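Order of writing sets the labels: A, B, C, D, E and F. Residues in every chain begin at 1.
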Amino acid sequence: MKDKYIVSSAPHLHDKTTTKNVMWNVVIALSPALVFAVYYWGFRALLLTLLGAVSAVVTEALIQKLRRVPVTVSDGSAFLTGMLLSYNINAGAPWWMPIMGSVFAIAVGKQVFGGLGNNPVNPALLGRAFLLASWPSLMTSGWLKPKSGALSGIADPDAIAMNLKALSPKAFDLVTGATPLKVVQTLRDSSFVASINADAGEGIDLANRIFTNITEMDALKNLFWGNIGGCIGEVSAFALLLGAAYLLYKNIIEWRIPLFYIGTVFVLSFIFGPIKGAGFSPMLPFFHIFAGGLMLGAFFMATDYTTSPLTKNGRIIFAIGCGLLTVVIRFVGGYPEGVSYSILFMNVMTPLIDKLTMPKAFGRVKK
Amino acid sequence: MRLQTFPGGVHPHDEKHFSASAPITKAPLPAKVAIHLSQHIGSPSTPVVSVGDEVLTGQLIAEASGFVSLNQHASISGKVTAIDRFPHPCGTSSLAIQITGDGQDKWVELVDEPNFMDLPVSEMKNRIAAAGICGMGGAGFPTFVKLSPPEDKPIDTVILNGVECEPFLTSDYRLMKEKAKDIITGLKLIMKIVNARKGYIGIEANKPDVIKEMEKLLSSEANLDVVGLKLRYPQGAEKQLIYAATKRKVPAGGLPMAVGVVVQNVGTAFAVYEAIRYKKPLIERIISITGSPVAKPQNLLARIGTPFAELVEFCGGTKERVGKIISGGPMMGFALPSLDAGMGKGSSGLVLMNEKQARLNEEGNCLRCARCVDVCPMNLLPSMIAAAVKYKNLDMAVQAGLNDCMKCGSCAYVCPAQIKLVQWIDTGKIRYAEAQRAKK
Amino acid sequence: MGFLGQLFSMAIAAILIQNFVLARFLGLCPYLGVSKKLDSAFGMGMAVIFVMTMASAFCYIIYQYLLVPYGLEYLQTLAFILTIAALVQFVEMVIQKNSPALYKSLGVYLPLITTNCAVLGVAILNITPLADGSRYNFLWSVLNGFLSGVGFTFVLLAMAGIRERLELVDMPKSMRGMPSGLILAGIMALAFYGFMGMKI
Amino acid sequence: MIALVIFLPLATNTMSTIVLPVIILGALGLVFGLVLAFAAKVFAVKIDERVEQIIAALPGANCGACGQAGCAGYASSIVESDTPINLCAPGGAAAVEKIAKIMGKTASAQTKKIAQYHCSSGGFNNTKWKYAYQGIESCKSAVNIADGPNLCSWGCVGYNDCQKACVFDAISVDEQGMRHIDAAKCTACGACVAACPRKLIMLIPETKHVVINCSSKAKMPLAKQLCGTEKPCIGCGLCSRKCPVQAITVEGNLARIDYAKCIDCGLCATVCPTKCITDSKAGKRLKAEIEAEKCIGCTICAKICPTQAISGELKQAHAVNKDACIGCEQCVGKCPKKAINMV
Amino acid sequence: MSFIKELTKGIIKENPIFVIVLGMCPTLATSTSVENALGMGMAATFVLVCSNIFISLIKNITPDKIRIPVYVVVIASFVTIVDLSMAAFIPDLHKSLGLFIPLIVVNCIILGRAEAFANKNNVLNSIADGIGMGLGFTLALSVVATIREILGNGTWLNIKVLPETYDPMLITLLAPGAFITLGFLMALMNMLKEKK
Amino acid sequence: MKMFLQLGLILLAFCMVATALLAYVNSFTKPRIEAIKLKEAADARNELIPDSEFEEITGDLSYYIARDKTTKEIKGYTFTAEQIGYGGPVKTMAAVDKDFKIISIKVIQQTETPGLGTNATLPKFTDQFKGKTLDQLTVDKDGGVPPNAIKALTGATITTRAVANAVKASIDKLRASVSQSPETAALSDSTAALEVAK
């Protein structure tokens, strides 16, 4: 058949974009964050990321071999899933954590349903949820301290620390031993506030001081550059925005999901943000959009093609849903951070959203 | 000038540089032609000659077999040597009248009506029908039918389609460049026939010289306008063009006349002009022979039925191995198994591709990336249609827009997983038709 | 907390936090069985909401006014299930007669519901003392029944949406049907963990 | 009710712990029973009795495995909307059989048919290609593009739509890429017939062994050039002329057997110049022999024999001319005395 | 011998959990440990056998209109008996099975078998069916429980089987783990069936 | 009409038979179950404060006064405390001596996550309550410093808090009701007098 002309159905031209280059471009867009992570936490961050990515690739290849279907790991989607999974765990986690997570993410999250494009929920986030449910204590403690600065991102740890240590060893532990969102969550817990200081008034006062400090410009700067405690990938809002800009420029992700997601979180935290007893801080919405995994989630995970709605209006509903749930979980939930669960939940809703927002063909009138 | 456009669409590289600057050249007379009885939408024409008859150039050899059908004329003079299946420019084979030329090109008699603008409308339509003109923009709808809308559907606007949004093709461009005045006359004739008040010529922004020229020519005409259009595929599709020019939305499943518009290709307008003024039947048209393997890409004025092989030969043959032959443009054209087929009334181009350009990637899994959804000018869910067809869920396919698709190919063009969306949709349409038939 | 506030928190708890299917392991058979198509899932969901509400009301009355006064709590299972079975069958007959259309879309699911442990579950939970030792009154029992039904329907619809989508992909043969349905249920349960520990 | 009124006031601690509950629950039962009886009467609806029968035939697990809402839902959808009857997993084959009986699917009463290809081409080495097709691997999709990738535009495209359509796994593809139908597994459901865009598959009676393995309507020289196996039907008409019962007609360069007339004698296969007609029983046919003792000379057999191989006088024992007998066995069944054996 | 056939079919060929997919609630809820699984299995088997016997006895005297309520009453009675006796005689197990004992009433297997089998067969076969289905249920439950207990707790029937250093995978003891474990077991069954 | 009665009566008959059977079973299991319940409670109390006899006091907080079997001297009090944990209410039974110092505790009912919250039932966790006073009942994560604090279970702070805070709150209540109750007040007076006498 070599000597025959090729005949196929129109169109005979094709855009240069392929699955492969989409995926590897996302990997490129994610690498600035890795650079920052290595800068703050050392090579352990790199090691964990690679372990996650490689085990994802190996798992996918093995399963495809077993299923006797073509091995398609070179398309980079498994690598990406593994990488994003590792980005969702703490740099201080044990080495087997990203491996277990990746294996679960690929096997249960993706290959069970036939591989790329078929998975109903985001495999990387499913992997994270699996790790969190399996080893909750390992996943929510042991945060690595960034190269300089405190875990919680409090602007001036030393200055407050001096005071804090004297006033309440407990408050000192809090600001130096957890992520910024964990601090905010704890400060919202009345039993904690009551227990910082024997004198209730002083307790509230102290809580307020910590809270104000955490939303100050200096603290936000730490948050922006990544000088805080947290998961590998959520280290620096700056690095993530850099990657996001690249993806937007390359037309790989679409603006609707990130914009509406972050926008919803911004607006809702502006409205509902002030914690009990604490004064209103104009910086609070900024704190909420830079803290935790929001940037990573909004730009890299909620935008996952497979698990977000097909339609444009659907994507807006999806993103607003994610934003709403994120704020709800952060403010009244049992976890300090809600990004991963809110995206997972909205993933589950995606088919229904698609159904509801089925577009009408050009020229079709409403019935 | 503000450029107009429509929602959705894609931006393939336009590749017009191969043949844009080549002036229209007459192709040599072919030795044999095969005139297909079905080069148009509607019922096939009925032959009125038999094997062995001598015919003149322009002589009627097959006549319309119903209202929506077409007259066919001999495009060269000579002898009818066969009425049989011959390769068709859309890749299949179908019944055609083969004429072996005598090399003399003896014409039937033409006229030159001095007052052709003042002919009665019915006479104009008769001449169009007699000339066997069908749309030359690709679809091939008989023009006299299109120009006879029912009484209750008044037409107020005629749009000439000079968009030529298909990459590579330049035949309309050259025609507009070289025959601008005649095209405008054609437009006026059409407007007169359908009694329209307003006329537009839609031209894409990649032909600035033609836009300027046309603007100049139309500056004195109050009711005629040039519409500059953004460079975007499928700008030339009827509904999208109407939307861009008039912001009217043709209802789904409806015809342009539902919104008072008639769209004609510029080539059709030119043919209408020639038919009314000279009673000249449609026996030749302009075709771009282009693509990187072609030694000397050109725009040829060639007789209907000329084998593609002869045209390519006239353009200096090929300079590299050909991987794919496309009759029409690369976005909607048909890939041909060989160069044996002859050109039809709707053949606006022949695009050759080398092996590298021709090779397609394997279909992968759909990522649900929604690129296809974003670009679909008809606002459909191509990925869902394709999946639904694949898993034999016709109801869902129809819900996702199976019957609204115009097969422009934008979706398949962007799909990163290289899913053959248009082919799936095509298959779906066939299955749907089968199912409908089975229901009856 | 006003009535509406209380209602809201009960709704959140019943639908998201303590969802019958995903958190309490009740009503799994129909959840796995009738979630292949959105249409059927919707019909089933509506039927369950209806029956759960009615069952909550009836069982509450029977428990409170027939069993408790005579110290017959040990007969609760028997009395409840009898009530539910009779109720379901009665409703089925009524619908079948009066609204064939509704019967087509809803009635056919009714027989399935007798064996749905979620209905008995909600009846029992309604009369089980809460953490502070109090019990729901009649109104709240009925509301709880209704909202639990809504919670069931919600996850049933989401599941059906996903499974309908999975009809259009190439799943490994051994995973088709129940296995993938169960794994999906697991995934959904994980996704609902975000609401765990929520204080409303 | 009266019992309730009498006993309730008596319900004190001294009341036996057994009598009281019995009365209360009994009353409950009575009330529900009456209500249901009442409902059954008032709300009685006439339903298709087949639905009831099918409900009875189904296991009643209400598991939803059929994709319907419980057994009743499945039953009514079988009756009303032609839902396949083999979807009940718990019920298994037994249920299918029962439902089939109820629904009167009497396919089994007719002679069993099986699917048979009418093309000898297809596969990797048996096809001549027109072009290199790139696209969806489905026959239905492929034939829409330039008349399909194989030179013969009547022949097998080879993307196995037929195999994919068969839910009974009756069609297999060998290492040459050729398709084979397993007669034992084929249920003549016709799915493959509908799936093949070239209409190459037809259902023929299981008892017939002669098949024209081609669907090409191309003219003589062309047909051979196009065919991948070079065994096309060229429309020469030899078979039709040979057929003793005029079961073969040639139309548009293509011969077709009318199986209602065909007596499965295999003569046509012997004359086909291109070997396009196959006869799986060739050489295995036996010859008729008349037991003279039993023969009463009724002449029925002689009349029925398509080749006039039987001769004999009225009321005389008949004899078979072995050379003329083609083994079609037409006479065997017709003999009133069962005097004819195939040997 | 149909008795034997009815007895064995429930164990593999028509296993109520793996093949008929009924009674999922107790399966998933009580399979956190093998001990619970055995207890639940036994309780359900008892009810199943009793109700099968009884229903096949009364099948001819129950009018169709009230068939379901009657069956339900029969089943509920046996369940309550089990419930009360377990509370009285094996209080520890009763406590850990909790809410799910009364729910045996609606365990789809029991009513399902009543409707599908006992309703149409004689007493002897119904007993066989009850025992078979019960055993099948118990067996499947124990298999699920084995995986969950080992992975989630490092023990089997409360015997330590994994080394102390094993950090238990808690998810297997939780709802998602239950679903996923069962899902994979069923996939495995499917694969074995295909191989055959 | 006949069908009405027939259906009603059949169902009636079944219900009656079934109920009779159940009532019969109940009549002999009920005492047993109650006995088991009582015994369990008693066992638990005995485990917490051995060799004592108990007297129940009901009120805002129901508790038992434990007296030495021989000397009839008040040894302490037992009570049940309850608070919502991670997966539902967590019930803890605790015993304190008469100075309200914890003698020991036992988590008697909970629906926490296996492997996490359920670890609260293990002696490793409950033993640390022994000897703690009201002020020392703070979870370490909440700022308490061991040994004057309760060390949280790994990954289950919520459960830990539920146990510690419930016990704490109940001791508070116990204190209030003990000091109000005239009888016990008198008793402690008498012991005080006794001590003075010494």
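Details
Everything below uses one rule, namely that contacts are C-beta pairs under 8 Å (C-beta built on N, C-alpha and C of every residue); 3 or more make two chains touch, one makes a residue touch a chain.
Please read all numbers here as calculations on a predicted model, not as lab measurements.
For the pair chain A and chain F, chains touching both partners: C, D, E. Looking at A-B alongside B-D, one finds more C-beta pairs in contact between the chains of A-B. The chain with its CA mean position farthest from that of chain F is B.
Averaged Cα coordinates give chain B a centre that lies 69 Å from the centre of chain E.
Between the Cα centres of chain B and chain F there is a gap of 88 Å. In terms of their C-alpha centroids, the spacing between chain A and chain D amounts to 57 Å. We define each chain's centre as the mean of its Cα atoms; on that basis chain C and chain F are separated by 34 Å.
Shared interface positions of chain F, i.e. residues touching 2 or more other chains, are given as 6-7, 10-11, 14-15, 18-19, 22, 26, 30, 86, 116, 158. Taken residue by residue, chain E touches two or more other chains at 21-22, 65-66, 69, 73, 76-77, 80, 84, 108, 112, 170, 174, 176-177, 180, 183, 187, whereas all remaining positions touch fewer. In chain C, the positions touching at least two other chains are 29, 32-33, 74-75, 78, 82, 86, 89, 111, 115, 169-170, 175, 179-180, 183, 186-187, 190, 193, 196-197. By the definition given earlier, chain contacts exist for A-B, A-C, A-D, A-E, A-F, B-C, B-D, C-D, C-E, C-F, D-E, D-F, E-F.
The part of chain F that touches chain D in the complex is made up of residues 3-16, 18-20, 22-24, 26-27.
Against chain A, in their complex, chain F makes its touches with residues 86, 116, 138, 142-145, 154-156, 158, 161, 165.
Chain A meets chain D in the complex at residues 1-2, 4-9. Within the complex, the chain B residues that touch chain C are 365, 384, 387-388, 390-391, 393, 396.
Within the complex, the chain D residues that touch chain A are 129-136, 141, 144-146, 149.
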